[in-house]
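Same chain, two partners: chain A is paired with chain B first, then with chain C.
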Partner chain A sequence: MQKTVRRKRRSGIWPYLLLAPAMIIMLSVVVVPIINAVGMSFQNYNLVKPNKMGWIGLGNYQKLLTNDPQFWKSLWRTVVWVFFGVGGQFLFGFMLALLLNKEFKGRGVIRAVSLIPWVTPGVLIALMWSWMFDGNYGVINDILLKLGIISDKIAFLAKKDSAMPSVIITIIWQGIPFFALMILAGLQGIPADLYEAAAIDGATGWQKLYYVTIPSLRNTIFVTTMLRVIWVANSVDVIFNMTGGGPAYATQTLSVYVYNKASALDMGYASAMALMLMLVLLLVAIPYLRANFRDQEG
Partner chain B sequence: MNEKKPLSRILLLWVPLVLFLIFLLFPFYWTLVTSLKTDAELHSLTVRYWPTQPTLQAYEHLFGSYNFLHPMKNSLIVAAITTVVSLTVSTLAAYAFSRFRFAGRKPLMLLFLTNNMFPTVLLLIPLFTIMRQIKLLYTPWALVLSYTTFTIPFSVWLLNGYLNDLPISMEEAAMIDGADRATAFVKIVLPVLLPCLLATGVYIFMQSWNEYTFAVLFTNEANRTIPVSLKMLVGQLGVQWDLITAGGIITVIPVCIMFFFAQKRLVAGLTAGAVKG
Partner chain C sequence: MKKFLALALAAMMCLSMVSLASAEDVTIKFWFWADNDAYAQTMQEMIADFNATNGKGITVVGEQQDWNGGEYSNNLLTAAIGGGAPDVATFKLTATPAFVNNGQLANLDEFIANWADKDQINENLYNTMKQASGTDSIYVMPWNTQVLYVYYRPSMFKAAGIGVPTTYEEFLEACKKLTHDGVYGFGMRGSNGGQEPWGCFLYAGGGDWEHMDSEGAIKGMQDYIDLYKNGYVPETAPNDGFSQVIDNFKSGLTAMTIHHIGSSAQMIETFGDDVDAFIFPKGEGQWTSMGDTETVMFESCANKEAAFEWMAYLATGKGQETWCTVTGNVPVAARVQALPQFQENKFMKVSIEGAPVAGILPVRDTTTQWIKDWPGVIQQALLGDITAEECMKQLQAAMWEE
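For the complex of A and B:
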């Protein structure tokens, strides 16, 4: 699995010294805060109501599981957001990668340029697309009207039915380059003789895609999808800056819900929800973690 | 093979490719066009695809009364410190992972690998209260420390990959010649690793330059970074789209320039982990 052959050596104290700075920082900015968050999740910890702070045991968890319909609705919206968001990124990213894998003039430049959405700040993405989706002056309305697809302007982000699809289109746009990049690298690693063998057997283009390309890319697709699922499920900035979770909670995913609660300084309840979100992601990512663990043994 | 069928090449390659590029790049074009429009044209119901009287008013306004240089300076400080800190500690850690076999190596590596599982919002809450308690809230350090939660694990992972591709025999030769490990690292490994360090640094810089979720809660007026300032232009009295788009163009340009120089090596490093195995 590992390409480089490494030799065992007596290591002594050196590796621990080298790791110390990184470990100390990670301990204080990740491990301690998470323990802290677990502690807060068992408390009434609302910075706006300091006189009511105190331990309430499982109170926050009880409330969110049994007494907060928005928690379950937000969790479901997270599923929709991730499924269509990552699904769209994968589909279009795959298509773009297949195109960029062909030989043509200016490929390097086009490949670099098509990555720009990926390096654009989330806030700016949210604001740019809000402006394009605008109900009065938005360019998307203008294009759709000119093409005759719609007959009246739509306030995309202000309507309950269109808000979620609009933010999903935005996150798809943001994530296509990353998928394309990873899959393109995978494509370039497929040995050419596999395709030659398939051609000798008389395979058509689609058959080559189905029997050679996709199986060879299994690992790449798996890892990339997993990374994106976690990333998209956790992302706050795009939705928060386009709709704030509205209208009428229509785009409030779980992470946006937590963020709104945290912004309102209700830290105890927000921590409990954030921990639930982590638990859900952990369950989803178990196969990925297993694969990684196997890799590290090599 | 394809040269013989120019029509199918146009249909199967260029048409979809151009459609993709339009989809991916149009928002930037639109941002640029919006930033060059006059206020009247911006709020006219006929949408124009090129401004009738292009003007740089929005940019003047942005740097004049809105003082955009201030958030730019704040972002630069935060991003630069984050880059230096993360790169230094990550290089050392990655070197340990790549070159030594020691007790606890596997679980520690896994810890770094799984770090991106933790929701930002989960870390955000306790970090906010901790920063408040130790009086770092509303200083650049609050952001630097928060950003290391994702930049360090990522850089360790990336640099570990780069280091694994460097033959260990280079250092061994130097060490046989009498150099100690530290000298071998500085004189032999670092120079070869330099381009990879730059690529990793560019990535860390971009991440910190672009970050919003932590920044909006951990800064106040004095040390607000660019993403927060952009959002601030969505005001109570309506949205100043000309200023937002002008600010957006200004924000993206430095990142794009850095990215173009670093992209080849960065992409190679990023994809290596997912492709192998």
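For the complex of A and C:
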């Protein structure tokens, strides 16, 4: 009897002991920094002015919500950046996945090559596209001039109306393989008999896509889109290395603004903005995921 | 077997004692940035030379860091606050308040007072170091300076039928006359780091750092905007940083640009004799940037005497001569300044000529943020979002409002 109780007690502790390393790591690299950031957001925490550090309550939040026009503009630019960036990635990723799902010669090579943008570091991608978009020597200007589409070179990254589209094109290029890969995996899991049944019913190619393919991929699309929305909204590397958020703040998204403030060592204000961005993303993510899980449970 | 193990253990203990004895040798961790790979290589060679010749068992370990438009200073500060400071690091004067306010730098007063080479460095430089810290103490050791001047292509000036501008008005006129057939008169730096060359326009217009919203300062800003609007600078100017303005000049896209002697070696390599320099000419006022590079010792350094030996080697010793010869920077040590290679260099002559009007940005606790804000505000003015006056009021407030 005693042995059974001891064994039970041991087995009661063991799962926690086994989980402990993972929990400790999660606590130290995820939870503690978040608590730290929340704490800093309520402080005047500027490393350049250590003598003026201290608690200011909601001061940072009040300033950014009521007295910082750049915050709202940056938030709007984040919406534009995510909508067109992730939208473009999804659209072209979907098309690429449909293409790669077909049998054709050299498919393996194309599948491998199409992954290159995804495995290339963001900083390198930004440099590469900066050179391509360069207003003086860039290859894009050269091609457009030779095709007669433009008569003068365009300073893509130095003009307010062309800088944002340029960085969006870059992020689309980077993210296409991720969508393609995930959707391709989903496509390969759709039973062939669904298409056969649709064919017997006389469905056209578009009808098969709309009534069979897309509904079967719904969960994949949900999850991949959600992930990319969060990643792209938080992404700094491409914009920072291509334009630094300029010209005249035209490409300054909220994450770039946070980075700029943090790199000027104004950690309190940067933390408050970062938490606002997190709240905005949660506002999008929670209803999205709840709807997704509810459908799955149903 | 047991005997053999015991002997091996004893031998290992002896060896570890020997290594403990030699552990009296001191290691100094040194952070530096270099503008290119050749300069980084030079620094490593200097470190090797110092390690081989100091005769005091000091070993410097050099770690190259990226300058990254000034991010270096912030990385250094956050590393120091986080407990990961090196012992010695290369440094920019404008970063001094943040480091001193955080108590990160070692006070050098006593080291300098007892230093045999103390008088090799001009007293004014020491005063500038004190001023930067906002105290009566020296926390920053002079190393070398770079005076900003205007690079120009004599062949382009000749083709345009103009001489070297001697006044601000002539400079603006030269920008116009040199612009033709795909060549721009001037290479403007509207992105990170552009505040220093821009300072020349601020003063030439009649402003100064303390009065950036004055009438003269606004005029200087308007001239700057007009250069862009009239097409005398590349259309990419708002986004152009250091590498773009240098590349544009080297490719022949621009006829003039502003930088210091640090890039003279590559200019000569590209153009041979067809490159020269002049100090940004006087308008209502005259100013140019004294790009400075210093070294600092951290308070956390456990071997301050050894660290100072290395700093002294860089400031007045062999390191001063080697570094300034290779990079072309202006030496701070009188002995090195007098060497023929510095006396006969035309870019060095222009640098020395500019020294009397060379200065630094105001050293305040707002300066770091102001430097960060500068490109965005200036780009707004260049692209017509705000007027010259609005631009200058914003910059004035960002620097001076408490």
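Simple rule for what comes next: the second predicted complex is superposed on the first by the 273 of 298 C-alpha atoms of A that agree within 3 Å, B and C clash if a C-alpha of one lies under 4 Å from a C-alpha of the other, contacts with A are read in each partner's own complex, and residues count from 1 in each chain.
Throughout what follows, contacts are C-beta pairs under 8 Å (C-beta built on N, C-alpha and C of every residue); 3 or more make two chains touch, one makes a residue touch a chain.
Please read these numbers as outputs of a predicted model, since none were measured by experiment.
S.K.: Does the chain A-based superposition show chain B and chain C clashing or fitting?
M.R.: After superposition on chain A, which the two structures share, chain B runs into chain C.
S.K.: Who does A:Gly246 touch here: chain B (first), chain C (second), both, or neither?
M.R.: In the superposition, A:Gly246 touches chain C alone.
S.K.: Should A:Phe104 be classified as contacting the first partner (chain B), the second (chain C), both, or neither?
M.R.: first
S.K.: Taking the superposition as given, does A:Asp237 touch the first partner, chain B, the second, chain C, both, or neither?
M.R.: first
S.K.: Check whether chain B or chain C contacts more residues of chain A in the superposed model.
M.R.: Of chain B and chain C, the partner in contact with more residues of chain A is B.
S.K.: Regarding the shared-chain residue A:Asn51, is it in contact with chain B (first), chain C (second), both, or neither?
M.R.: In the superposed model, A:Asn51 contacts chain C only, not chain B.
S.K.: Quick check for you: in the superposed arrangement, does A:Asn136 touch first (chain B), second (chain C), both or neither?
M.R.: Both chain B and chain C are touched by A:Asn136.
S.K.: Would you sort A:Ala155 into first (chain B), second (chain C), both or neither based on which partner it touches?
M.R.: second
S.K.: Which partner does A:Ser263 contact after superposing on A: first (chain B), second (chain C), both, neither?
M.R.: both
S.K.: So chain A touches chain B in one structure and chain C in the other; where do those two contact lists coincide?
M.R.: 47, 136-137, 263
S.K.: Of all residues in chain A, which touch chain C in the complex?
M.R.: Per the touch definition, chain A meets chain C at residues 47-51, 134-137, 153, 155, 157-160, 163, 243-249, 252, 260, 263-266.
S.K.: Touching chain A in the complex: which residues of chain C?
M.R.: 71, 74, 77-78, 81, 97-98, 101-102, 190-192, 234-240, 248, 251, 253, 365, 368-369, 372, 375-376, 379-380, 382-383, 385
S.K.: What part of chain A is in contact with chain B in the complex they form?
M.R.: Touch list, chain A to chain B: 1-4, 6-9, 11, 14-16, 18-19, 21-23, 25-26, 28-30, 32-34, 36-37, 40, 47, 92, 95-96, 99, 102, 104, 110, 112-117, 119-125, 127-129, 131-132, 136-139, 142, 173, 176-177, 181-182, 184-186, 189, 219-220, 223-224, 227, 230-231, 233-237, 240-241, 255, 258-259, 262-263, 267, 270-271, 274-275, 277-278, 281-282, 285, 289, 291-293, 295-297.
S.K.: Can you list the residues on chain B that touch chain A in the complex?
M.R.: Contacts found on chain B: 2, 13-14, 16-17, 20-21, 23-25, 27-28, 30-31, 34, 42-45, 47, 85, 88-90, 92-93, 95-97, 99-102, 105-106, 108-130, 145-146, 148-149, 152-153, 156, 164-165, 167-168, 181, 206, 209-213, 217, 226-228, 230-231, 234, 239, 241, 244-245, 248, 251-252, 255-256, 259-260, 263, 267-268, 270-277.
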